[in-house]
Structure formats: C-alpha cells, structure tokens
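First the structure, in the form of structure tokens, and then the observations on it.
In this document, chain identifiers A, B, C, D and E correspond to the written order of the chains, with residue numbering beginning at 1 in each.
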Amino acid sequence: GGDSEEGGSGQLKLGFFPNITHATALVGVDRGIFAKHLGTAPQTATFNAGPSAVEALFAKGVDATFIGPNPAINAWAKSKGQGIRIISGAASGGAALVVKPEIKSVQDLKGKKIATPQLGNTQDVAARSYLKSQGLTANKDGSGDVKIVPQENSQTIETFEQGTIDGAWVPEPFASRLILEAGGKKLVDEKDLWPGGKFVVTHLIVRADFAEENPETVRKLIAATVEVTDFINANPEEAKKSVNNQLTRLSGKPISGEVLDAAFQNITFTTDPVASSLLTGAKNAEAVGLLEPVDLNGIYDLTLLNEVLKAAGKEQVQAK
Amino acid sequence: MSAPTTAAVRLEGVSKAFGSGDGALLALDNVSLQVAPGEFVCLLGASGCGKSTLLNLVADLDKVSAGRIDVGGARVAVMFQEPALFPWLTVAGNVELALRQRGVPKADRRRRAAELLDSMRLSGFGRRRPHQLSGGMRQRVALARALALTVDDTGAGHTVLLMDEPFGALDAMTRDLLHDEIERVWRERGLTVLFVTHNVREAVRLGDRVVLLSSRPGRVVAEFDVPIERPRRIDSAEVATLAGRITDRLREEVGRHGG
Amino acid sequence: MAVETRRTPDVDRQLAGLDALQLTAGTRRGLPARLWSAAWPMLAAVAIAVGAWELVVLSGWKEPWVLPGPRQVLPEFWRVVTDGSFWAAVGLTMRRAAVGFAVAIVIGTAIGAVVSRSKIARRAFGSLITGLQTMPSIAWFPLAILLFQLSESAILFVVVLGAAPSIANGLIAGVDYTPPILLRAGKVMGLRGLALYRHLILPASLPSFVAGLKQGWAFAWRSLMAGELLVIIGDTQSVGTLLHFARELSDTERMISVMIVILIIGVLVDQLFGLADRTLRERWGVNTETD
Amino acid sequence: MAVETRRTPDVDRQLAGLDALQLTAGTRRGLPARLWSAAWPMLAAVAIAVGAWELVVLSGWKEPWVLPGPRQVLPEFWRVVTDGSFWAAVGLTMRRAAVGFAVAIVIGTAIGAVVSRSKIARRAFGSLITGLQTMPSIAWFPLAILLFQLSESAILFVVVLGAAPSIANGLIAGVDYTPPILLRAGKVMGLRGLALYRHLILPASLPSFVAGLKQGWAFAWRSLMAGELLVIIGDTQSVGTLLHFARELSDTERMISVMIVILIIGVLVDQLFGLADRTLRERWGVNTETD
Amino acid sequence: MSAPTTAAVRLEGVSKAFGSGDGALLALDNVSLQVAPGEFVCLLGASGCGKSTLLNLVADLDKVSAGRIDVGGARVAVMFQEPALFPWLTVAGNVELALRQRGVPKADRRRRAAELLDSMRLSGFGRRRPHQLSGGMRQRVALARALALTVDDTGAGHTVLLMDEPFGALDAMTRDLLHDEIERVWRERGLTVLFVTHNVREAVRLGDRVVLLSSRPGRVVAEFDVPIERPRRIDSAEVATLAGRITDRLREEVGRHGG
C-alpha cells in the first residue's frame, strides 16, 4: 500500500516502545499533548524491538518513531543515509553496571560473567571500553578476564536471580530492577563515563521523505515533544502516573512504583539528542571491531528542533 | 463385418513383465485374444498365471511391455479380485457413486442402488460400512458396484465388463443365484464380458467361450467354445461333461509345468 | 429369480429386539460415567504434576521468586482468568488463530492438492514446503510488515506461513499412502479432476490430513504467539503480548498462568481434532484395540 | 505329493533372460538423466521466483534498502557462504539440531509408544501432547535456564520440547490407523510387549511416523532458531544468531541470504525424508500413480 | 475319558451381536459345538452366516456377547479370510516371523520357511513382497504362515488351527495338492482343525465331521460325520455322494430363509 502519503496531511503515524525510556511518547499520548499539537491524535503503533520499528518505518507503516541509538545507526547505514533523520532527542542516561553484592571493585570482576543486551550495542560497547580502560580484557569471543554474554534484558533478570551471571551492564528499568528485585549493587553508573553525564538512550527519528513532504507536521511533532519533555521535568509524579497508565494498558500490569522512581531518577528527559555521545559511541564500537565504519554525517536534522527551541526561548542543540 | 474389425476387445501379442534385472518376472507372454461384442468369455488358469494382470491391462490400469490392446473406445467396468470398496462410504454410497459416474440422476440413485443390492441379496445392508460386512458380502457389494458401472443411461456406447473371481468367497447357493443375475444383466445390456474364475463348471455355466492360460508366463494354450444352450444349469450333465474335458486339459497344462 | 432374492434378510429386523436383550451388559453407559472415565486420568495426571511441582518447591531447590509453587501461581491464575481484559486478549488471539488457520487450510489444501498430483509440481515445490516450514517466524516479519504494514494482515501472514506447509504436507502424505487399489477403482469408475479429489483422494487422505491439521494448528499458534509481538495496534492485549510482558516483568506467576491457559486451549483444540479422528476411525472400521 | 509340489516354479529362473529382452525399453535411465529430470523443475521454480522478485524490485515499488533485489542479495549471499565463520555457524547449528532431534526421537517415540497403547495414558496425556506443542519456545526459556543455566543443554531442552510432541503424535496416529486385521494377525502370532512393537506396530506406523519426524524436524529447527538466542557465548555465531543480528542491523541482504541458507538446509533434509518415504512406499507397494 | 472333558475346543451357547440399538445385528445365536483333540471339523454355511465371526471368537480376537468358549489352554493358529500379510516384510520374512514366534532358532528359520513356501508351490518367491504376488499366491503365503504357527519345537502343547476359506482363490489343481499337504501336516502334528469353506466337496474331502450353520443368525443346524476312509480323493464317488446329501440339506436351509 503506497497511499500512506495521505497520512502526512491527515493523521501522523507514530511508533514507540512500551518502555520507561520512551516515557516521552507514553506521557505525550496519555495526556493528549501530541493530539493537541497535531490537530488529531496520532495513530500509534507499539513495537517491542528496534528492528520492527525500522521495518515499519521503511514500509511506511509509521512516519516517525521513538527509538534507541543502535537501530537508528543501522537504519541510517543500510539506507545509505537516505532513509531516516534524527529530529529530536528524548531521553539520556540511565544505564549501569549492576553486580552481585560480593563484588566490591572492578578488579573483582576478573573471571566473572557479565551480561550486556546485545553484542555491539551501546551498553556492550560501553562495557568493553570501560573494562579495557580498567586494564581488563573482554574479548568479542567471550574469552578474557571478564566474560561478556550478550542476552536479552528480561533473560538477564532471570539469570542474575539464579546466579548464572555475576553482573550486567543494562539500561533502565532493568538496572533498577536488578538492584531492587534481584538484590544487585550498582558498581558503575554509565553517566560517570560521559562528559556532562549525558548520553543518548532514546531519540525521535522520522522517515526522510516524510520529513521533506510534511515539514509542518514534523514541526508540530517536535513542538509536542518539547512540551512533553518540559511537562515531565516539571511534574515528574504525574508523568510517572501517565507512564504506568499506558504500560498497564499494554502489558496488563503496572510497573512497581519503586522501580519507576529509581528509573526516573537515573534517566534525564531532554530533547537534546546528545549527538556527541552517538558519534563517540559509534567510533568506540568501530575501534573494538563491533561496527563497520559508517559515515554518520547528516544523520541529524535539528533545524526544526532548534527553531522550536528558539521560539520558546530555549537553548539550542548541536548536531555534533 | 469380419471378426477382426468388430472385436470389442482385441489383444495382439501382449506381453507383460514386472520389475527388471534379476528380480524380473514375465507374467504374460505374447497373448493374443479377441472378444466379440456381446460375447461372454471366461478365463481359466492356475493361480499366479497372469489372469488379473491381463484384466488390468485391458482396463488400462497397467501398461503392456509389448504388444497392443484395443477396446475400441468402449467403456470398461471392472470388478477386482479384492473388493476395493471405499471405506469412507456406506455400502449403498459405494454403489451410488458408481451410478453417479454413469450419469444416473441423483433422484434415481438411491432407488437403483437399493435394487442392485437387493439383487445381490444384500437388502438391509445399504447403510452399513464395508468393514461391517463378511468377506462374501463385501464381494457382492463390489459386484453390485461393477454392475452399476455397466449402467448406461446416456446411451453413450458399449461397455466391457471385466470380472476377477467375483464368486470366490460365496457359497454354492448364493453363487447360483448370482449366476442367473449376471447372465440377465449381460443379456439385457448387451455387455462384453471377460470373466476370470477358478471354477471350471462356473466357466462353462456362464461362458460363450472358455480360454485357458498356461502357468507363468501366461500364454493362451487352448480355447473351448461352449455350445450348450441357455438357460444352463451348473449341475446339468452337459456342463459337467464339458467341464470335465476342460479340467483334464487344465490338469495336463499344470502338470506340464511340474504339478 | 432375481425377484426371489429380494426376500431374505428382513429377518434381521426381527432380531433387533433379541439383540437388545443380548446387549444388557452392553457398551453404552450413562453420559456422566463416560465423561468421568474420560476425565479422571487427565485429572489424575494434573494432580500428580501439581503435587510434584509443589514438592520441588518445598524442597527449597530454588528461591520462591525464581520458581514459584502452585500455592503462589494458582491464586495469580485465578486473578488472571477472572479479569475481563484477559478474556478480551484470549478472544482476540483466538480470533486471529481461527482466521489464520482457516486461511491456512484453504491455501495448504490447494498447494497440497496441486503438488501431490503432479510430478513436476512435486519436484519443483515438494521440498520447498518443508523448507518453508523450518523457516522461523522472525524471518517473515520484515516481509509481513513490508506487505501489510502494521495491520492484522501482517500477523495473519505469519500465521498462514507457519501453518499452511503442515497442512499441505499432511495432504500430500495422505495422497501418497492412498491404497493403490482404491485409486484403480476410482480410475475404473471414471473419477477425474475435481470429482477424483472430492470422492476419492480427499476422503482417502483424511486421516493423514487431520494429522496435518493438528500439526498445522500447533505451528499456527506458535507463529501467532511470536507474530502478536510484531506490532501492537492501538493498545490491545493478546495472549502473545501477555506472555511477553509477563516475562519482561519477570512475573513468573503470571507467566505460568498464561502458559496454563495456552495449554488448556491447546488441549481443548486437540480434543476437537481427537473427535474428528475418532469419528473417522469409527467409520472406517479402524479401531485400535487398546486395553 | 507334498514332495512333488516342490518341483514347479524353477521355470521362473529360466525366464530371467527372456525378461531382460522384454525390458529393453525399460525404466532405468542413466543417472545424469534422472538427476536432471529431478532437478530441472526445481531449478525452473527457483528461476521463476528470482525473476519475479527482480521484476518487483525493478518496478520501483520499494526503495532498494527496503526490498533489495537479487542483484544486491546474490553477491551478499556469495560473500556469506564463502566466509569460513559462516560455515562454523552452520556447523554449530546443525550439530545442535542433530543432537536435539536425536534426543527428541528417543523421547517422542517412547512417549508415543506408551500413550498409543494404553487407554489411560492416552486419556491422561494424549491431548497434553498437542497442548505442549502449541506452547511457544519463549515460554520454555525461563524453565530451560532454571534447569540448565546458560549451557548448550538449555538450547537442547527447548529443541526437544519443540520436536518430541510431533514425533509422538506421528507415532500415535500411525498406531491408530494400523489396519486392525494386521493387529489381529499379530495377536494370533503371539506378538506381545516389545516384540509387538518391533515387529508389528513400529513398521506398520512407519509412514505416519516419518511424517511426524518431518514435522518434528521443522519444529526442532524453529525452536532452535529461537533457542540459539538463549545462550550466546561471546561471538560464536549460529544460524539463529546470524538471522537475529542481520535483522537487528536491518541488514536485509544478509537476512535474505541466511534465509536462503535455511531454506536450502530445509530442502536437503526434506530430500532425506523423501528418500525414506519413497523407499517405504516402494517396499509396501504403495506407489502413487502421478502422471 | 468322556468326550466333554477332553474337547479341544468347546463352545457353549455362544451368541455374538455386533453394534447396538437399531443397527444391531445378531451374527451368532446360541451356538454349541465341541471339537475333539485331533479332530478335523469343517464349517459350512451361507455367505454372511457368521463363520468368520465364530473363528474370531475361538481365537479370542472378539468377545462373546453370551455363552462360553474354552480351548483348554491350547495354542491357536489362525489363517484369516484375507491374507493379512505384513506388507513391510518379504514373503519369506512373513513366514519366518511366525516361526520365530514359535521358538524356531534363527539358524533354522530360513530353511524351514523355504520348505513351507516350497510346499505351497511358491519356491522362488521368498524374497518378493506381498504386493508383488497374485491373489492366490498371497493366500498361499498366509497358509504357509498359519502352518508355521503350528510348529511346536518346544513341545509346549496342543495347537488348534483355524482356517477361513484357505483355498477360495486357488485353482482346482493347486487346491488338490494343498489338500494333501494340509492333511499331512494335520496328521503329523496332531492338530485340531476348524476349517471354513464354501466348497462342500472340499469339506467332505478333508473333514472328520462337517457342521452346517444356518443363515443370520448363525445356528448349528446339522452335523454330518464323514465315514470315508483316508486317503480320500475329492473326485471320488463317495465324496460326491455325501457332498450331494449335504448340499441338499444346505439348499434346504438357505431356501428356508428365502433363497
């Protein structure tokens, strides 16, 4: 079906994940902020993983979606820079190395097993470069001083509870859940490794051709995102309620308040996409041999965002 | 019309071999046979001599290894040695399906199937399934089905009826009754019949001609015309005499091959 | 004489009464008794399984939050099944399964029919069918989204691709093992084309076809569980998402509850297939002589 | 007289020579000719599929990075299959599949044997088998990890749970449709217990059993593709992870390449099953009369 | 010893009904019969009168609806009306399996199977599969298998042999030879035989006693002792005379039920 162009003038099709790091989307939908800016409520689609979101974007099933840094880079690389644009940030921070309480220092990790979400993703790269900086080897093939086992985050909770792994470098809410539900201890907060404590965890991407054809819609979407972000930062309690509201409707069960609080504590909601962290992360990954060299020049298109921010009298953001 | 051009079934130098190489088996060797339209021919021969094979070839269910078979566009109805009933249909359903295939309108099928089953002394069994019947009853259903296939309401043409030991599992009394029935149908419909049996008297009782096949490989070794007038009785002296003669010839044949 | 023959077998009728007498110790028992005799072994199996489970939990092998026992799970199970939204989820999933399965039956049967009867088609596609069957659902996701965007059709597509090969394979196996004597009988009767299928090949293949349907259902259901995660349209829940989120949230009690529901649905559907199967065997006279 | 009867049939022997003559126009052709006649329909099907695909791509329906054409995919396919590490991945997966399938055969056959012959066991477990079959692999992951931690055994566990029910169901269906007359013959011969299985029930159920194996293989393979994500040790690759990561990286060319490999493996394995099947049919004299 | 206590097979008031309710069918009604050890009893009756049913009951393959059957612990060998060969085994394999079940050591089986097949005039067919044989040949393999089941190398006891129309698909010559063979085995092994046939002469040729069953439901209506001395010939006058008497009685019986 190629008639999805109609959606450009009419209803925007917006994707996101049922996940705390996507709180911007959850709150925006719950409180009708997107609808307010766009004129009609966006048609939403919920994904469980980056690839589906990218596939849907390419298939014109959605026009814009909140997504993590890795899938965005992949989509950019695969479409040779023609498929997508990052138009705004959404969340930053919120990843940590959580370990068993008996592990007191990084050096204690020698001979232990720690999990990461996926070979070559942000946390995986962060873990490897950090360990390297601490003089510990963690090879791609799972050998070395520290054994890194990539596995799904929900599985990480299971294996950590069972003692099969000794730690995990994971994003929120899994970091908080490992601490609160499985008795883990935060050994490293990823924040501490980045300049200004900021690194991208969620941002908003849009299909390139859609952006070209519907600049007005995209501007409205960005304006809504800015408003939601402000709202979350101004009213965290209400935002949490909205998040839980949406999660319950999707998963049938609310997330525990404790976890929500802890996760919110660690995540910063900001429209700044923290472009530098994306670019540095990609370079690090290339350095460890986990990413084929890719030219990310032009992946950001922040002109509209900066216009909106300027109009609201806020600080503008960088695409570098 | 000369006989060669009017034959309803014509076999010319037909051979049939199964398998190849070491395990090959020559079932029929250079068999030539002609059956005139409306003729009733009985085939006799030892067990395993190739009678069923011959019927299968005529029915075009197998390919000859050599030679030619011609039924001149006639329709072929077959009753196999095994009942080969469709287990998912009732007894009546089996017969009705055959009637359907011969263009009998739906409204008539039930009645005509019941008639056929009646004539096989199977009334009251129409709604049972094949597996609920005795061996002989199943054979009679198969016969009813074969007779249903000789029905020709559209007048489309001649039918050749092939029957492979249709009465093998029947008691003498039932068999005698069915002999009459078969004869009646044959006459009424002007069928050409090729009939395999092991019972020499039966062959004489029914056939216009009796053809003798030798044992492996099957060859036509003798033919007997049956000059006895119809209606015949299987226990009549004439039948017994001719049957005796044929039996002697048959015994000789089987003996030759080391009986 | 043919007329004479029509008299005999009415004797049977008169025997019906006699039979009834003969059959006092007969096979028919009351419905409750039969239901009970069908149900108790399963109930016993369930009871034993639950008992063993509780024992393992009591043994303290694993912490209760890692391996919850029946006493934790059953209340959760009760909470789950008494929740209206849960039944909406089950309803949605069942609807998808039914539609997908129906489409798969049509497509699978058509493919099976073509492939089984043509040597060329069989050589061309025969092995591809099993090849496609081994393809995990995830491999179809991009194509599903590409073709159908984010619609129910995308999920349906994955389900059909999962189930149709089994159904086709079942039919092909059935056709292959149709007794040749029946095929010959059919040929002699002049059965050809569609009539051949309707009156001979399909009924002859039914047992194997039913087995194929059963497998196809299992494939359909599994593909559906994965496919339901492909995209969540609006904020609808389905069994697939319930299972997924229960695992995401490490909510083992809830996860086991959903598994129990899946198992129950599977068992119920199998009972339906079992019924079809028994009817077939009854009719064909293929009754196993189990003790 | 019984002695006399022993003389006859040697005539057959003498006929062998004659037969050979009769069979000059026989059925055996050269191996190349037979291979070719088996291969061309499949090659034609592949050629048509690839052609259609290229046409769709040329039509410009989707951007090339969304739907790459054969001209993009085939070079990538070539790169993939000429890569040594890829074959290591295939080897690892095949090893897992083979081991899992072997274990599933043993377990499935045992369960099928027990369930098919005992009315009580059938009532207790019969429907559970299909119930288990419908359970998606993901539902077993927590249990697999619980029992086997992050070891190969966990993957094996998921594979076996996927395949064993099909195999059991195939055997059960075969037993159910064993012709009762053969069971009676077996009973009269005094076949009981293991001998009954070895000499009667297993061979009689073979066709259905092979069909069950085929389905079981498909289930095993699908479960394996999911299960291989369970335990990823460093960067050891397997077909499952290759497929997963190709999708994660939105690398459609690579994903299609892996799918082609999966398809080829599936087709090859199906050829093996097909061989078993044809041998069976040959021996049993159940040859379909396809044109 | 008085007859009642030494019977090898004893049926007392045996009835058998199939199905229930409307579709019920009474196949056997109050049949009582005793067969002495070593006796050769032939059963005659119209098609569908319950002969096969009776054999199945004696072989314990079906349960009686009423009455009692006792074979006193004897082993039962059965030849069914259909061949019932195992299609996955070769012809020789089918016979060898039966021998195996009767404790014949592996080394001897091949030889003895070949002997049995020879005596059935099937030498050279041992390595073929059942589907490659003709109908009559299959029946002979089934007979060979049944005879294999009467082998008793361990001396474990008495064997009752049940045969259901074993020669229905055979030509007269082969049948005559097999009559001799069966008689020989019966004598040598001291078997008790219950033999179903539609051929009255055959019954007289083989049996010590001929038992007549009525049509549906089956009842014993007459018994004939066969006082003719062995060896008998099927075409002898004595056999013909007694067969004629029995046939008349049978015809009367069938006629009564509306033939």
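Everything that follows uses one rule, which is that a residue touches a chain if its C-beta (ideal position, glycine included) is under 8 Å from a C-beta of that chain, and two chains touch if they have at least 3 such contacts.
These numbers were taken from a predicted model, which means no experiment stands behind them.
Asker: What is the minimum number of touch steps required to go from chain A to chain E?
Answerer: 2
Asker: Top contact pair of chains, counted by C-beta pairs?
Answerer: Of all chain pairs, the one joined by the most C-beta contacts is C-D.
Asker: Nearest whole angstrom, what separates the Cα centre of chain C from the Cα centre of chain D?
Answerer: Centre separation, chain C to chain D: 20 Å.
Asker: How many Å are there between the centre of chain D and the centre of chain E, using C-alpha atoms for each centre?
Answerer: It comes to 45 Å between the two C-alpha centres.
Asker: Can you give the whole-Å distance between the Cα centres of chain B and chain E?
Answerer: Measuring from centre to centre gives 28 Å for this pair.
Asker: Find every residue in chain C that makes contact with two or more other chains and list them.
Answerer: In chain C, the residues touching two or more other chains are 4-5, 8-9, 12, 62, 66, 141-142, 146, 244, 247, 285.
Asker: Among the residues of chain A, which ones contact at least 2 other chains?
Answerer: Residues 51, 55, 58-59, 158, 162 of chain A touch two or more partner chains.
Asker: Where in chain B do residues touch at least two different other chains?
Answerer: Touching at least two other chains: 25, 82, 132, 177, 259.
Asker: Please name which positions on chain E make contact with chain D in the complex.
Answerer: Within the complex, chain E touches chain D at residues 56, 59, 61, 75-78, 80, 82, 84-89, 97-98, 101-102, 118-125, 129-132, 149, 177, 180-181, 184.
Asker: Would you mind writing out the residues of chain A in touch with chain D in their complex?
Answerer: 2, 49-51, 54-55, 58-59, 70-71, 74-75, 77-80, 82-83, 118-119, 139-143, 147-152, 155, 158-159, 162, 164-165
Asker: Sort out for me which residues of chain D touch chain C in the complex.
Answerer: 37-42, 44-45, 62, 66-67, 116-139, 141-142, 146, 165-166, 169-170, 173, 175-180, 183, 187, 207-208, 211-212, 214-215, 217-219, 221-222, 225-226, 240, 243-244, 247, 252, 255, 258-259, 262-267, 269-271, 273-274, 277, 281, 285-291
Asker: So in the complex, which bits of chain B are touching chain E?
Answerer: That would be residues 18-19, 23, 25, 44-48, 50-53, 81-82, 127-128, 132-137, 140, 164-165, 168-175, 177, 198-200, 247, 250-251, 254-255, 259 of chain B.
Asker: Using the touch rule from the top, collect the residues of chain A that touch chain C in their complex.
Answerer: 1, 4, 13, 18, 44-48, 51-52, 55-56, 58-62, 153-154, 157-158, 161-162, 177, 181, 246, 249-253, 255
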